[in-house]
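Each of the next two complexes has chain A plus one more chain, namely chain B in the first and chain C in the second.
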Partner chain A sequence: MLHALVSPGRGWDGRTAANSLSRHEGVGGAGSVAAELCVRRAAYAWGRGSCLCRRCAAPLFLHSPAPHPASALALVDVLLKAVGDTPIMKTKKWSVERTRTIQGLVDFIKKFLKLVASEQLFIYVNQSFAPSPDQEVGTLYECFGSDGKLVLHYCKSQAWG
Partner chain B sequence: MSLNLDTEDDFYLEENRFKQCCAEFIKHSQQIGDGWEWKSIKDFPDGYMSKTHFQMKNGNTPSIFKDSTKENDEQTFTHVEEALDDSQASEICATSEVIRYEYHVLYSSSYQVPVLYFRACFLDGRPLTLDEIWEGVHECYRARLLEGPWDTITQQEHPLLGQPFFVLHPCRTNEFMAPVLANSQRENRNINYVTSWLSIVGPVVGLNLPLSYAKLVSEQNTKTD
Partner chain C sequence: MTDDKDVLRDVWFGRIPTCFTLYQDEITEREAEPYYLLLPRISYLTLVTDKVKKHFQKVMRQEDVTEIWFEYEGTPLKWHFPIGLLFDLHASNTALPWNITVHFKNFPEKDLLHCTSKDVIEAHFMACVKEADALKHKSQVINEMQKKDHKQLWMGLQNDHYHLIPGSNLEIPANLPASPNNKFDQFWAINRKLMEYPPEDSGFRYIPFRIYQVTTERPFIQKLFRPVATNGQLNTLGDLLKEVYPAAITPEDGEKKNQVMVHGIEPMLETPVQWLSEHMSYPDNFLHISIIPQPTD
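On to the complex of A and B.
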């Protein structure tokens, strides 16, 4: 199941995300226009904290994207893989906005894994190359994506001291 | 979840391998016009990779250099002279804000890893302080610098040129390189140590590698499969 990483706002955490998702499972189902509209609107409306879909007023964060709306909604499918003794994320598959930067993704993974601020996290393409922090996921997908997804490896480095 | 039996000791970079990695790196740099060169010192077996690039204080490429992308170095210098001879006030003001960045990749035999030396100066020769260099570095990289495993940037004498350079201390290099190398070993992939390393440390000091360097490695892997 793919999750949509629309934009992490304040108070976001894994549980909120899972709750939002389950609340929307029935909204027209995957591939429905309603689901598409929800994600599209949420991308612009995040911060107001509620879904703009006409069917509910639930806090929207995640949606199960349909087979092909990812490109229509400017999202790319990303598979996150841990390197070394970095904790493995329970959810590995994400739909990420094309314009999200590597730095944004780093911040997201660090929050998700509850890393402390002094721990550094690196993201790699091709298991070996760290793109610049301001590189966009969409560009990386175009260069390194295959089978409809972009595989990114992430690795944490030891904390200071 | 596997036991991490790979120790950091396994992944030091041997000097000949360093030179090989640099050669591959420079070959690609030449293909894409990224400006890296190998410099060797007369009578010394040592050498290093070097890149010089120019930037305006606000981060833009100075317009006097913009048209030179398709031309060779000699013509670039001609354009500079023309611009300075003209009394066009805007260009003359602009040149005082142009900063020349120099990056050198050397090999450290004591740490057995590559080391990044860098310095920057205005066109009149006045060197930038570390703070001034960081003013040109994006906010998020500065945060990374504070968090990163490179807690020391010091000013040292360049081992081959004898001039003062800033250095990203190599003592923690093996720490952040080891997991990447272990992973590639496990997957039987060849990676270019210098490319990987520079992609990590570079952005922190304003040096960003074009993405095509990453593709270089994958092409090599496809060929060996």
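On to the complex of A and C.
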């Protein structure tokens, strides 16, 4: 089950939003398709300035700055893997907007894992390099994705230098 | 070809005459004189401007000096882009010297990354080198190297010693190109390994490149691109653009709207990208290509 990358905001916390999305779960195949369509429709709608996903009442703040054209809101699948004694995320597979930056992803993981903002979090591609915080997930996916997803390792300390 | 080594040297020793002026709203105790410096194209702003910072700090109160940042005609300059790329992208068709404004206040969080120490620059530089090798060699070459080899690449970028011209604040590099123990040799002793490829192949697996344009929203274009076509022919710069950014190429009977610039020159579109990658990459092993408007004069 792929979840949208949810930024808590306007009174919603990650748990509430995740629970809202999970209302689509457990309903079998149709439920997960509905949820995914919900995510993608909302993603597309955000480009027009409004969120359509009111049925599950989960506000999908995919991008806080000005809306991007719809094509830029295309989602890529990201698999997040913990390294060392870094807490493991319960949900590992995420649909992330192409234009989300590594910094944006770091902020999201920190909130999700309830880490303090000042704590460092390092992200690695191919277990070999740490991309720049302003790198876009979409570009990394195109260059380093495999089997339809981008695998990213995250760690509280420097793992691969 | 001996000419090819000359290209490596020309790229390495490229400099941009720059005039640094303190932003008028910065609080100073007395008038701040502009500071002139020849910036290495291949380096990074925050790595080569210690003297600039010291110069302006002399006329400011200690408490007013926070993180330095640079701006050109209202655009904050990203220190993590190589200097040559910044110049080509923003100012290549303007009169020299390059006029950069220095700020110590109101750091633009949305536009710039923080650079709190040289370690941050080193980490960024090495990450780029590693990313480039991930594309070229599936990281095999960089991973086989020892930590000291990685360090040697970084040390090659460290400031050469500069001579101050007496009676001015103008500096020129002291290292002469002919000197055998200079940073160029130190760097390329290791970097040449990153430029090799198996004899059975005609080039790298993929070419590390980024295409920049000031007018677009996206930071840069970076995609997978093979140096050799399926028929065995070497792909050219023109082939690269056709594939990833066709709008940059002038149509047959059309007017030339853009310049495709690397290190201040427009390579011929017939140039094989494998050759460009080996000879005109920056020290981070990436080809940083700027698409800028054709000057009208």
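Note that in this section the second predicted complex is superposed on the first by the 97 of 161 C-alpha atoms of A that agree within 3 Å, B and C clash if a C-alpha of one lies under 4 Å from a C-alpha of the other, contacts with A are read in each partner's own complex, and residues count from 1 in each chain.
Convention: a residue touches a chain if its C-beta (ideal position, glycine included) is under 8 Å from a C-beta of that chain, and two chains touch if they have at least 3 such contacts.
Here the structure is a predicted model, which is why all the values come from computation and not from measurement.
After superposition on chain A, the partners chain B and chain C collide with one another. In the superposition on chain A, A:Pro133 makes contact with both chain B and chain C. In the superposed model, B is the one of chain B and chain C that contacts more residues of chain A. Within the superposed three-chain model, A:Val125 lies in touch with chain B and with chain C [touch as defined at top]. In the superposed pair of complexes, A:Ala117 makes contact with chain B only, with no contact to chain C.
Once the two complexes are overlaid on the shared chain, A:Ile88 sits against chain B while remaining clear of chain C. In the superposition on chain A, contact of A:Cys143 is made with both chain B and chain C. Between chain C and chain B, the overlap after aligning on chain A sits in one stretch of 39-47, 57-65, 219-227 or 237-245, namely 39-47.
Counting contacts by the rule stated earlier, residues 125-126, 128-134, 139, 143-144 of chain A appear in both its interface with chain B and its interface with chain C.
The touching residues of chain B, when paired with chain A in their complex, are 1, 4, 138, 140-141, 144, 147-149, 151, 172, 175-176, 178-180, 182-184, 187, 189, 191-192, 195-196, 199-200, 202-203, 208-209, 211, 213-215, 217-218. Taken in their complex, chain A has these residues touching chain B: 83-86, 88, 103, 117-120, 122, 124-135, 139-140, 143-144, 153, 155, 157-158, 160. Those residues of chain A that touch chain C in the shared complex are 68, 72, 99, 125-126, 128-134, 136, 139, 142-144, 161. Chain contact summary for the complex, chain C toward chain A: residues 80, 113, 123-124, 126-128, 130-131, 134-135, 139, 142-143, 147, 150, 206, 217-220, 222-224.
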